[in-house]
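Two complexes come next, and they have one chain in common, chain A, joined by chain B in the first and chain C in the second.
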Partner chain A sequence: MTDRRPPFWQREKYTPYLLLLPAVLTILFVVLLPLIFSLYTSFTGYRLIRPESLWQWVGLRNYERIFGDRDFWVAFGRTVIFLTIALNLEFLLGLGIALLINKITWGQRTLRTIMMFPMMFSPILVGYQFKFVFNDNIGILNNALQALGLSDGAIPWLVDKYLANFAIIFAEVWMSTSVFAILLLAGLFAMPRDPLEAAKVDGCNAWQVFRHITLPFLMPFVFIAMTIRSLDVARAYDIVDVMTGGGPAGRTELLWTLIARVGYDNARMGQANAMAYVSIVLSIAFTYYFFTKLMAARRYMGGAD
Partner chain B sequence: MADISLKGVVKRYGRTEVVHGIDLDIAHNEFVVLVGPSGCGKSTTLRMIAGLEDISDGAISIGPRVVNDLPPRKRNISMVFQNYALYPHMTVRENLGFGLKIAKQSPAEIARRVDEAAEILGLGALMERTPAELSGGQRQRVAMGRAIVRHPEAFLFDEPLSNLDAKLRVQMRTEIKKLHRTVKTTVVYVTHDQVEAMTLADRIVVMKDGHIEQVGTPMEVFDHPVNTFVASFIGSPPMNLLPARISDGQVVFAGGTGLPVPTRLADRVRDGQEVTFGLRPDDLTPQGHGIARGGERAQLTLEVGLSELLGTETILYTRIGDQEVQGKMFGPRDVAAGERLTFDVALDRAHLFDTVTGRSVRRL
Partner chain C sequence: MGRTLRKRLAAVGLWLLTFVLMVIMCVPGLWVVLTAFRPNAEVLAKPPVWIPENPSLNNFAKIFGFGADQVAIPVPAYFANSLIIALTSTVIALLIGMSGGYAFARYRFRFKNGLFLGLMLSRTVPGIALSLPIFIIWSRLGLIDAKLGLIIVYVALNVPFTIWLIDGFFRQIPKEMSEAAQVDGCTRWQAFWKIEFPLAKSGIASAGIFAFLTSWNEYALASNLTRSTDSKTLPVGLMDFTAQFTIDWAGMSAMAVIIIVPALILTFLVQKHLIAGLTFSGVKG
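Our next item is the complex of A and B:
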């Protein structure tokens, strides 16, 4: 028997790397390279209509511009407010729905399925749906209000500064409240009954039981939903683009509608990519925050039963 | 600290009645154990006292107040649950103080009473841990601590030891007994374990199928069971129950073996009556291996089958007629299978139950 060693790809210690190679290559080409490329372009004056500008290195100029760009910071602030309002509304409504469904004794599964319907629609279609609901001339909302005699004029739902933002949040909440409702309902189903009864005997009224026992138990589920939804809302684009396109006059401009406008409409891809990198910091910040909260809340749940 | 009284208490779930009109008076500071097989309604009864279940009919009062319509929080009782029911997101200290915090006690008062409870139960080193970091026994101790800090009118225990392993169960049983001695309060304790019932109770309430079968001190229930159910449920190993017929002052078993009717019961039975003869294994002992105790005796020579050595005693499996019975041998020696021994039957401690009604023939 010869003592010749097999070629390296047949040796056992290389097997894991060999098996991982396709995945690593895929990630490299699909995720990492575009990421590096976009990071590079954010340091250039790259314009889509002038490909040679890809080699025009401008250093930090794109980033410096952002910090002086009022439109960007307004969109940034509006996104944070949008996210805060939407997430809180979805949380409160989702919690309410979950608590109500938890109380009923039959039809829970059916209702849970029905609740998921809004999530099954494409956000673009939800955007169109609400665009027509809120349209000031032909929208059913204004029609209904007028028919009921509650309003005699055409309320400019998608034009007025506050109403337009309200309309978009409404659409967002309509579509995604069920994320919270379903996750919180799962939490309520998993909740042990004994601590609730112990709290009742310990002197709690219904509100105190909810406040001190039920809610802390649900918090991990809340934070999971918050993490998912904060990522979702921080990249909100489709609904907004369809309903108002960020307008009128930038009154509903969020980060990603602004970035898309700068990148594609104005063709300043370098600038847009710089904005995108600043925006991602926002997403990471929210995700990190909720994830830390989730970890803290999960630690004690091992003793729930 | 108050007496608890149940008058005609009924529990129905829809059309199914699970507790059929229970009457029970529990005295101030008394330790009462509700015992019975699963599904006998003991836990439901306890939960009705706690206010966690509605009362379908009848009345429950704690102290002078009828509490039927009071929510649990207004009944001033504490409850210890089978699964501990600790609040998982709170430390031991917060768990103990939670009830007081809800009752808006001052922080100083909460700290004082929590420390007092921790002292009684030896929880000092665990105060800053969460329930997830405690063992089963420690969790149960915290649950008991949570009950005593509130100085309630009564403690309710719902099978508190059934999730613990055998050794810990014995230890916690002693602790509960001590606790009741330290913290004088009315206790209602539910268990399916007759040993717990015997060791803890001032009075035992034996329940079956939503009825109370017998109420009495452990000794009364053990020595004078009112029917065959109580006789077989209380005591371990269980009482031998043998079908027999009264004939000519003899209790005649199937197969022809006979024993004299115990003298104290002679005028309570009539010739030809179908009876069930009850005899605890302790009262069927080989000669020279019984408990020295005077009284009416009879002798039977029986063939021993299996024997189980327990150390201080041996359980002997034998037959009277065609009935399998168990006897006990105190101060045991080796017994070979098939060995014939003469047994003393302690007739003064034997029981006779009417076969038709299942009730004891003695004057009740």
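Our next item is the complex of A and C:
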């Protein structure tokens, strides 16, 4: 052993930071720097077609305008409702499918594979697929309904206010239910058998077993699924952009399609970035909420081990 | 005897019920896949023709420029762009992710939880919200409509999730193994490549496949950062089919199949590891 201290990059204490440096630099350059920039432009009247407007400081005017903008708040409310309905439906359907498949002992692998089918579709494909299914003239849904004699006209699935919103939620749920199902199934597989047997011996009925044993055990897996889903929930933009583009007349406008329209189509970048910031805060709040729930559940599981 | 029979019947009934439910769930996707193999006339037929009567590869031939009539959409160029961009960004994201995942799995250091949370939160920023400022900065740097521009973005998009997964896989390998190797005279670097890397290889591969699929399927950013055949990817190219007044559903479905097939194969390969990695790092962290 020599007395000479190694240079700092070889010291054990700094190794983890060096190992993380590439990751941190990438995120700084591609996520944080643009975010700081967009935070700045959200205080300017920046328009894409007039580059000099980047230096036109307008203070909080963009944000003030947002607060008075009815379209924005309608889209905001619709996004929150969309997320709430979609995530809850995906959770309930995913749980149902997972419980069903978990009961099956023979040929389970086949069913599991079929279940994974929607997971392989990219959001943009899901969008096209359901634009196709729900199309009022040539869509397979109307076509099938007419062939079965259940409807005689063309139902305007993607035009009517309620039907169009139903259609985009349907597409989103179709795409993401299997993610929940597969993660909850993994949780069910990991579940110890003894408490279940013990509860049955003690005379609990199926509902009581589910409510007091299965469900609490599954909760960490539910939060993992929720965290993963909230990481990429904005992929719903792809679906909606393709299916309806937020229209007709803004009837299916979500925060994300509105941002794209204001930023690119109307070229009002400053205004769009202010909106984007509100949507980022919304996303981070969603994810942070589930992440802390996950950490709590994880500690609980660790203690139970 | 009667009771076991009834039990068995109930099991078969349950299986059938689940099977039918699953198939119904798959119908919209199957419809698109089947449509790729039928002529356009059959798409519009009333009542609907479910199974193609004369399945053919015509739609694929058209897309790739064989046969009498062609589609004026440069699918081969899009395919090449998608492949180059997805592969390159995956390899880089894996290298960065391995280094970062190893740090989280094997070291204790200050700000560890904060850094981890920060990396994860960076992934929550909606693609469209990120695309506006990136569009402005990239256009200053000349990275609009360039493959490199998308590659850089996709690396950053994949790094957090790759770190999460790889962290989980390294945790599963007992620390003692590499410590023993170091006692026997290996450096930490050698111990990593000879002991830990081979053990985590399948996990790292599945993280790679996952990163590849994310890049392969991404649309929101690509649609705003690409302009021409120099950099347009398959998901963006799909939009070309609707540029005309009418939509060429059959051709589009054929292109959809081209996008799905690699995803299909890779998802099957990765599913087991992916679930193991996610649940492990989630529950046992």
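Criterion: the second predicted complex is superposed on the first by the 269 of 305 C-alpha atoms of A that agree within 3 Å, B and C clash if a C-alpha of one lies under 4 Å from a C-alpha of the other, contacts with A are read in each partner's own complex, and residues count from 1 in each chain.
Heads up, the rule we're going with is that a residue touches a chain if its C-beta (ideal position, glycine included) is under 8 Å from a C-beta of that chain, and two chains touch if they have at least 3 such contacts.
These figures come from a predicted structure and were not determined experimentally.
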Based on the superposed arrangement around chain A, label chain B with chain C as either clash or fit. fit
Under the stated touch criterion, which partner chain does A:208 make contact with: chain B (first), chain C (second), both, or neither? first
Let me test your reading of the model: by the given contact rule, A:77 touches which partner, first (chain B), second (chain C), both or neither? neither
To the nearest 10 degrees, give me the chain B-chain A-chain C angle using C-alpha centres. 80
Return the chain, chain B or chain C, that is in touch with more residues of chain A. C
After fitting on chain A: smallest Cα gap, chain B-chain C, Å: 8
Shared contact residues on chain A - chain B and chain C: 301-302
Given the complex with chain C, which residues does chain A contribute to the contact? 13, 15-17, 19-20, 22-24, 26-27, 29-35, 37-38, 41, 97, 100-101, 103-107, 111, 113-125, 128-130, 132-133, 138, 140, 143-144, 146-147, 174, 177, 182-183, 186-187, 190, 220-221, 223-224, 227-228, 230-232, 234-235, 237-238, 241-242, 256, 259-260, 263-264, 269, 272-273, 276-277, 279-280, 283-284, 286-288, 291, 294, 298, 301-302
Listed in rising order, the residues of chain C that touch chain A in the complex are 11, 14-15, 17-19, 21-23, 25-26, 28-29, 31-32, 35, 43-44, 46-48, 95-97, 99-100, 102-104, 106-107, 109, 112, 115, 117-134, 136-137, 152-153, 155-157, 159-161, 163, 216-220, 223-224, 235, 238-239, 249, 252-253, 256, 259-260, 263-264, 267-268, 271, 275-276, 278-279, 282-285
Could you pull out which chain B residues touch chain A in their complex? 50-52, 71-73, 75, 77-79, 81-89, 98-99, 102-103, 130-134, 139, 143, 146, 150, 156
Parts of chain A lying in touch with chain B, wherever the complex brings them together: 192, 194-195, 197-205, 208, 212-213, 216-217, 297, 299-305
